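Mind having a look at this structure? Questions to follow.
Labels A, B, C and D are assigned to the chains in the order they are written; within every chain, residues are numbered from 1.
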Amino acid sequence: MIDFLLLMKQELIITVIIFTLLLLKIGTEMSNTAILNLANGLLLFNLAAGFMGNQAGMLFDGMFFTNPLIVLQKNILSLGTLIVSLQSSSWLKKHEHVPEFYILLLSNLLGMFFMISTGNLLMFYVGLELSSIPLAAMANFDLGKRKSSEAAMKFIVSSAFASGLLLFGISLVYGATGTLTFSELASHITGGPLPVFAFVLLLAGFAFKISVVPFHLWTADVYEGAPVAVTSWLSVISKGSVLFVFVSVLYTVFKPMAGTWYNMLFVLSMLTILIGNLFAIRQNNIKRFLAFSSIAQIGFILVGITGSSQLATASVVYFVLIYVFSNLAAFGVVALVSSVTGREQVSDYKGFYKTNPVLSWVLTIALFSLAGVPPTAGFFGKFFLLMSGAGKGNYVLITVAALNMIISFYYYLRIVKAIFMDANEHPIEHLAIPAYPKLAMFICVAGIIITGLTGYIYDYIHSLSFGL
Amino acid sequence: MLSVLIILPIITVIALLLCSGLKQVRVVALGGAVVQLLYSFYILFTYWEQRVVDGSQMLFQEDHVWYAPLNIHYHVGIDGISVAMILLTAFVTVAGILVSWTTAKLSKEFFFLLTLLSMGAYGFFISLDLFTLFFFLEVAVIPKFLLIGIWGSGRKEYSAMKLALMLMGGSALVFVGLAGVYFNTQALSGAHSFNMLQIAQQHISPEAQRLFFPFAFVGFGIFTALFPFHTWVPDGHSSAPTAASMFLAGISMKLGGYGCLRMATLLMPDAAHYYSWIIILLATIAIIYGAFATMMQTDLKYINAYSSISHCGFVLLGIGMMTQTAIMGAVMQMVSHGLMTALFFAAIGMLYDRTHTRQVAQLGGLLKVMPFIATVFVIAGLCSLGLPGLSGFVAEVTVFMGSWEKADNWYRLATVLACASIVVTAVYILRAMGKVIMGPLQVDGATVQHNLSDARWNEKIAAGVLIIGIIAIGIAPFWLTELINQ
Amino acid sequence: MSIPLTHILFVSTALFFIGTYGLFTRRNLITMLMSIELILNSVNINFVAFNKYLYPDKLNGVFFSLFIITVAAAEAAVAIAIIINLYRNHRSIDVEDVKEMKN
Amino acid sequence: MEYSNYIALIPLLPLAGFVLLGLFGKKTFAKSAGIVGTLFLFISTILAFYTAYQYFFVNGKVNGVYQPVTALQYTWLQFSLGMSIDMGALLDPASVMMLVVVTFVSLMVHVFSLGYMKGEERFATYYAFLGLFTFSMLGLVLSTNIFQIYIFWELVGVSSFLLIGFYYDRPAAVAAAKKAFIVTRFADLGFLIGILILAFYSGTLDFGTMIQRITGTNSPVLAQMTGYGVVGIPVLSWALTLVFIGGAGKSAMFPLHIWLPDAMEGPTPVSALIHAATMVVAGVYLVARLYPIYLIDVSVLKLITWVGAISAFLAAIIACTQTDIKRVLAYSTISQIGYMLFALGVPAYGEAVNTGYTASLFHLFTHAFFKSLLFLGAGAVIHFIHTNEMGNMGGLRKFMPITHATFLIACLAIAGIPPLAGFFSKEEILITAWQSNKLIYYIALITSGITAFYMFRLYFSIFYNKTSTHSDHHGEGNLNMKLPLLVLAAAAIVVGFIPFTHFVAANGKGEEITISASFSIAPIAMALAGISLAFVLYFNENDQPQKLATAIGGLYRAIRQKFYFDELYLFITKKIIFNGIAKPAAWFDKNIVDGFMNKLGWATTGISERIKALQSGSIQSYTLYFFGGIIALAAVFIYLWT
């Protein structure tokens, strides 16, 4: 019982928070600010609690298991959640359904936690659904906006379809092996046609969530339509969680067919980077632009995953951490701007530096980190990903990826150019930065600087990770 | 000891962030630069003493583990070549900051970026770990983009973007090369290693070298205007602000040269020998064709940019020839060209500030109204056309002598063509000089007279610093050769 | 006499493809949702059949299908809510009318 | 006293002058610059003469042979083991002689300029440049090392550039300066490559070692250099020819002579110093330096001979038609240097080895004096009448008697009338030619006749002929200008009697060349003929010259246009180099190389435009792609790639 409490600590905390907010919603009439303070406080507590009293172990004979790496991954997600909630506060203040937002958000997070520490396909499925169905509702959170509802529709339909296919795959796996627990699957799976087909279906399920080409098409539309807070959540947290699971599933469950999925990832990663870049070049809506850029980023992560070594796992987790900081920093600025002025076009950012130097620098640093420019953390993240990819000795992949960095460089610099160099007669007026977003931005920027330059974090992650 | 070279700029940067107003900012920036200059002289002298004491190749090594899992170290150390490069950087930095003394627009950001750039250069020149090297190489890319894009002139956005992308491509190739090198090493500990010295000791297999040398070399080559990839040079230099042009041509093109040198001599010598004929071919093309292309330019900055292509060709030629003397010449050429071209850009910038045009056709006889600047221009020009007594001659002659040691008719032909470029150089330099400096006074096509003042004190010091460097090498080259030669 | 597994799998597969086809062709969102349900049902049949025929001494397949039914219900609920809201904003639930965001 | 104690001062003092005047000239020495410069040079002149005395009369001779003495040597730039550029001072008869000539003439010019350049805006700069030139020339003369000579070679080139372009706001002056520098630079390219070849084979840059290694009895180096050939010509010939091209460029030999006449745009004293006495004979000096090596390769010597002879003849002819007095003198300089060069070359045909060398350097010696005298005289005239055109002159003997007298002496000297200096040196050259190759001899003889003609054409039309329309008579100029004329005139008279042959000879021992009256008749006759023809045509104002000119019509025009050499070079540079090479190169760079990079960018954006239809916005197409992706993956990895 006691270790049940310990091992499932984070999940339990989240559940408690959810129900607290639910009761508050039903019972009392709190002002938005009060709820926001409370929620942020609770999230902070959750994050803090995540760091203490951890231990490895499993529950429900292997359905649920946890270890330091998983705890770390969960903490990264909690951190991301905190940042998202901090910087969406300026938007939520004016919204009437604040508790609902948090409830959805946190049930989402809960699903992810279960998904991460699952040892069984059934619970994986449940966790996955729990982490995607609320998202649809969140995408629709601006009820009155046409785009918002369109985004939600697109998301729910495609996610339902994806989960259908995923399930079909799982059913085939089940048929082939007769088991659903990872530990047994790993020993039963063979490289025959049926398992391969089943794997492809599962892969599609994952690929849909982390939006790998050609399963990515929903991404841009949903990002554009959904409220910025949701978009940032989608782009960072949900992707991150699925990535963690993806890596562990690939390296443990599908170990026997490593050769096959290596080739698949080889193809998919190049495709993803290329398509993501080519679409990102042209975007004018900054959220849409960030959507495609994030697709390209996923491509780089896949390159890292192909490394299938301890280095690879570490690099992926590390990169997700950095990605949380960089992308959320960018979205923080975008969220602030769009919540105050409602302007989301790249062209709106022309002459941004003249009016908002601080925000400009934050956005610039974030973009540099995404582009992988030293001394920001993104450089290190990309470097390690590519290195772990190169560890396999597949230099075609590395060269393609490296050369694609030129394109990605181009479109990130496009924004920087707009901010610093282009003239604009109606620039975005000067914006006062509220406390919470300011805090969020500070965390992000600090993270971007520190995570890269100090080697300790990476060493720690590496010490926890495992290879194929 | 060497880390101070990186720490000083960082301190300067932080101080810059704190202070406000043009006056404070530029004083702080200049102070930082001067301190760096003094410190690099201190390094020079201690290097002289130390080298006699211990015969090891790299001195003042510092080695701290940075990323243990990949065996990445923060590992710095210097030999004579690095010292020369450090001095060059320090000189150009001081001069650059002095020249842009009166930058009013966003002055804080401007000096911030300049200092950052110099930090990147210092770090690059002292690092012995390939990761550190790559890190600083890329650190030096972005400030250029911003400097050109924000403070530049002409098609600045286009040029800035072009420069950034091409340099990015360069570093992408460099990355592939480095990764290849890394995974083909087995250090004593059994792990792969980025340590340049270890790699140099445990010769990578020739096959691997041949596979990865082109990536690394071309990658660095892009930085130093290797022939087909030089097109960022003219646009970038011409639309950059004066100080940025000085940095670009003076320092950051040398990053590439230095990288190529290390790759060719230290890390992958076999491959360098194997590909030397290609390198020499490209270098010769760059020299001749750059020189001829320069003839047709009408904008002073374009003239100097194209001549930089031609002059950096000498560096690559020296590296390609792979003889002791030639490589010495290549290094000397890097230093000399760095100082000379910085001086040239400084002079052009001064002219531009006063006349507001860089078109040769629209200028004339400026010796009459601004004798000092004109003299600086003439000195830079003479150095560029390789006049004895100035640094250019020494470097070029050393390259020629070194190249000629290769007893092979094709290499000889390359050398002869390279020599022939000194005539072409003389032609375009004298044409520019004869029109702009000499002849009847003329500005903007009409012979009307602006209020054309001569150089201010800051410009005089800036030019003076660089000229001292040029003449110190030109009159007494032996100290430099002593420094470079192991 | 017992029906061989293949027959059942044939049915489920057919159901799967019918559902997919419906998803691709039908313009009405509700119908599309129904076709997705078809897919899920085919999955259910798979699970139960596999469980019954291949691994009769276990129950995990059956349980899985139970979970699927539940989750599908939740999914449908949210989906229909969204579609209703969509109708509020667009005055239509024809999928062809809902393509504002593209490229 | 040891040479090493003071020899360095000789070149360094003028350098000090240059630095001093260059840095502080404008402010501190605005007026006194001339005095300062002259003072510096005066000291080094004294030192030079002292050195000459020491060398020739005190300790230069060791058992009857003048030994080369390396007074100083410092390693300047070490290339590799044993291969280094040294800076030093080498004393042998030739260099000491040159030392004297350079310092003396330069001093004269300094003094003359005190008057001539008075009131110039850039007076200090002028003296600074003079100092720079003198330094470089002395360094060149004293070189111990072939690269040292190259270095100072370039430096004299640039100082001549600066001085020609001294009146920088005259486009003509600028053009002339550029022309001079570029043409000589082109020649220096040959010199440089020649050095590279010689250095590679002999493994040294030091003159002494190099000569001794190549000319040493059955030396392996020589075997290599003659054995191995490129396009059928042995490397040795290549090297020597290339080095000679360098010399020919500096000495304005045909066909690289075009820059010298234009160089007359510079201040006249400068022409006297650089373009008459010192720098232009550097080519001769260079060949003399490497003479032992040249003697090995007869073919190159023959080339030198013919280049010299043709230049002498053509230049003399062209000189007859020029009306700008300085240009006349310039062409006569070319012609005289031609004499020196073929004197060096002709021994190829005979065995009169040493006489050639001696005669050539002797002519160099004497020529320095009377030619600089001529230029300074011309300078005085121009200073007086403010024009270069013969047409505007005439009857000036009344106004400027001293100039007139000295000028006459110089004319006689160059025409080779005994007992003036020119006579002796020219005689020796003619004798050498006679002994070696008759054809060359006759060319030389005719040329000397023509020389006499055009010199006296010049003389008569300046000082006799019509009286000039010139009005304001402010006198002949002050003592500063008269004194050098007188001194040089004295020199032009006496130097001929110096027993030059005893001092300067290829083998260091001295040489006896007897001048027999019988042999001298022909040259003198030719000279007198020339003079009398000039007398007939130009003593009084008449229309004979025009008649003559029209009589020979086309030929006259061709000569007047200097045989269209400038036009030819213009064609080569403009049409071939600029439009043929540079323009295409620039175009290629702009459109092909750069264009390709831009195309790459456009292509990328173009593709992204093309594929935007993928994101059609309709959810069903998305799901379709989704499904298609799965099928494709499954198909590929089940059937193809297993």
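Just so it is clear, a contact is a pair of C-beta atoms (placed from the backbone, for glycine too) under 8 Å apart; a residue touches a chain by one contact, two chains touch by 3 or more.
Remember, it's a predicted structure, so these values are computed and weren't measured experimentally.
**Q** By the contact definition above, name the pair with the higher C-beta contact count: A-B or B-D.
**A** B-D
**Q** Whose Cα centre is nearest the centre of all Cα atoms in view?
**A** B
**Q** Distance from the CA centroid of chain A to that of chain B, rounded to the nearest Å?
**A** Chain centroid spacing, chain A to chain B, equals 42 Å.
**Q** Distance from the CA centroid of chain B to that of chain C, rounded to the nearest Å?
**A** 65
**Q** Between chain B and chain D, what's the gap in Å when you average each chain's C-alpha atoms?
**A** Chain centroid spacing, chain B to chain D, equals 37 Å.
**Q** Indicate the whole-number Å distance between the mean C-alpha point of chain C and the mean C-alpha point of chain D.
**A** Taking the average C-alpha coordinate of chain C and of chain D, the gap between them is 98 Å.
**Q** Taking each residue of chain D in turn, which ones touch at least two of the other chains?
**A** Counting only residues that touch two or more other chains, chain D contributes 612, 615, 617, 619, 623, 627.
**Q** What positions in chain C touch 2 or more of the other chains?
**A** 23, 32, 98, 100-103
**Q** Indicate the residues of chain A shared as contacts by at least two other chains.
**A** 153-154, 157, 161, 165, 220-221, 282
**Q** Would you identify the shape of the chain contact graph, picking one of line, ring, star, complete or other?
**A** other
**Q** Please give all chain pairs that are in touch with each other.
**A** Here the touching chain pairs work out to A-B, A-C, A-D, B-D, C-D.
**Q** Across the complex, what residues on chain B touch chain A?
**A** Chain B residues touching chain A: 65-70, 72, 131, 134-136, 138-139, 141-142, 145-146, 149-150, 156-157, 160-161, 164-165, 168-169, 172-173, 175-176, 179-180, 182-183, 215.
**Q** Which residues of chain A touch chain C in the complex?
**A** 121-122, 125-126, 129, 133-134, 136-137, 140, 143-147, 149-154, 156-157, 160-161, 163-165, 167-168, 170-172, 174-175, 178-180, 220-221, 224-225, 282, 288
**Q** Spell out the residues on chain A that touch chain B in their complex, using ranges where they run on.
**A** Listed in rising order, the residues of chain A that touch chain B are 310-311, 314, 368, 373-375, 379-380, 383-384, 386-387, 390-391, 393, 395, 398-399, 402-403, 405-406, 409-410, 413, 416-417, 420-422, 455, 458-459, 462.
**Q** Where on chain B is chain D touching in the complex?
**A** 162, 165-166, 228, 230-231, 289, 292-293, 295-297, 324-325, 328, 365, 367-368, 371, 382, 385, 387-389, 393-394, 397-398, 400-402, 404-405, 407, 409, 415-416, 419-420, 422-423, 426-427, 430-431, 434, 437-441, 476-478, 481
**Q** Per the contact definition, I'd like the list of chain D residues that touch chain A in the complex.
**A** For chain D paired with chain A, touching residues are 604-605, 607-609, 611-612, 614-615, 617, 619, 621-623, 625-630, 633-634, 637-638, 641-642.
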